[in-house]
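Read from first to last, the chains carry the letters A, B, C, D, E and F; within each, the first residue is number 1.
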Amino acid sequence: MKVSARNRLKGTVKQLVPGSVNTEVIVEVAPGVEVVSVITKSSAESLALAVGSEVYTVVKSSDVMIAID
Amino acid sequence: MKVSARNRLKGTVKQLVPGSVNTEVIVEVAPGVEVVSVITKSSAESLALAVGSEVYTVVKSSDVMIAID
Amino acid sequence: MKVSARNRLKGTVKQLVPGSVNTEVIVEVAPGVEVVSVITKSSAESLALAVGSEVYTVVKSSDVMIAID
Amino acid sequence: MKVSARNRLKGTVKQLVPGSVNTEVIVEVAPGVEVVSVITKSSAESLALAVGSEVYTVVKSSDVMIAID
Amino acid sequence: MKVSARNRLKGTVKQLVPGSVNTEVIVEVAPGVEVVSVITKSSAESLALAVGSEVYTVVKSSDVMIAID
Amino acid sequence: MKVSARNRLKGTVKQLVPGSVNTEVIVEVAPGVEVVSVITKSSAESLALAVGSEVYTVVKSSDVMIAID
């Protein structure tokens, strides 16, 4: 499946924090650079995510803000 | 100002595509790695964004999805 | 690619409204039932969307609200 | 109240998974077709949601992505 | 219709900026306090929004960030 | 840091509801007017949020809907 969301970064799952409804997924996308995702626990299970899994973080462009110092 | 949104990637504005309401901002966050943002034209102007500007892309964790091959 | 976003509805593109930055995509997911999507013009072009294209609408669960009469 | 969010699908609550902060709401919008929503537990209680409740799933167009096979 | 999105602020439309796909809606929610919304042009037309319209801005809790100085 | 998200309301934290992954933050932005935010527990801790903290609620314009009576 090819998705319209244009921002994809390849990485490795470093940590999984499961809650009752959601799971926090911490992905290392470059040495020392982490992206944090919150998805449903069911999705995390359906993707069989585990520490070490090779994944992509995916973000829709309209959800990306810009900041300056 | 310190914002709760946990995903910040530093980069350089490569391209700006202004529309009537929104502006597309293409940011290079690593050599060959681009993140695309859509913000309001007013915000882009208020931040005085231009090609070459040093910026951060900022994303709330609940807007990050996970994908696998 | 398998994405964590759990809500996928199969449908057919009925109409495309291109703007400068975004394109509105109207998808018929059942007879008389339409889902409206706004994605970047670049994404619409990258997916080669046209009236009649078979597509899926995809929504992250945290973006779904519930309403009652 | 009439809301700008254009995507509304009528359905029946099939399952509720309450957490500490959020509640997952699984809605059947057509036979065998489910839409999953995550809302705050307080909202779920305020709407008095229960299995069997008649509801609408509501999604803003900018939160709908498009995918192709 | 009663929606799960918990953040509603009453206000008056101060300005409408229509684009090809989206319309920017500037709402004054208190004297000197404005909230900016971007919705589809079709939604703005469907709600018959005009300068002076009495409206509510509506935001899902998962889309609200927190910042500190 | 200056962020593109244009909607900022100053307020005081009234209540914090921590879960396993997310924390609900209830902010009073005017007497009797509350805005509810859901952020990750880690973000709430990183900002050292407590009842009484002076904060801003921050919302991207594309996440603001409009409703009428």
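Keep this in mind: contacts are C-beta pairs under 8 Å (C-beta built on N, C-alpha and C of every residue); 3 or more make two chains touch, one makes a residue touch a chain.
Computed from a prediction, not measured in an experiment: that's the story for all the values here.
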| item | value |
| --- | --- |
| For chain B and chain C, chains touching each | A, E |
| Most remote chain, CA-based centroid, reference being chain D | B |
| Cα superposition of chain B on its sequence copy chain D - rotation in ° rounded to nearest 5 | 180 |
| Maximum centroid distance from chain C, chain identifier (CA atoms) | F |
| Same-residue or different-residue interface between chain E and chain F, half as cut-off | same |
| Centre distance in Å when chain C and chain F are each reduced to the mean of their C-alpha atoms | 29 |
| Geometric centre distance via CA averages, chain E-chain D, whole Å | 22 |
| Between chain C and chain E, centroid-to-centroid distance (C-alpha), Å | 23 |
| For chain D, residues that touch 2 or more chains besides their own | 1-6, 19-22, 24, 36-40, 42-44, 47, 56, 58, 60-63, 65-69 |
| Chain pairs that touch, as defined at the top of this document | A-B, A-C, A-D, A-F, B-C, B-E, B-F, C-D, C-E, D-E, D-F, E-F |
| Contacting residues of chain C [partner chain D, same complex] | 3, 5-9, 24-25, 27, 30, 33, 35-39, 43-44, 47, 49, 53-69 |
| Residues of chain F touching chain D in the complex | 17-24, 36, 38, 62-63, 65-69 |
| Chain D - residues contacting chain E, complex | 1-6, 37-40, 42-44, 46-47, 56, 58, 60-62 |
| Complex contacts: residues of chain F adjacent to chain A | 1-5, 19-22, 40, 42, 60, 62 |
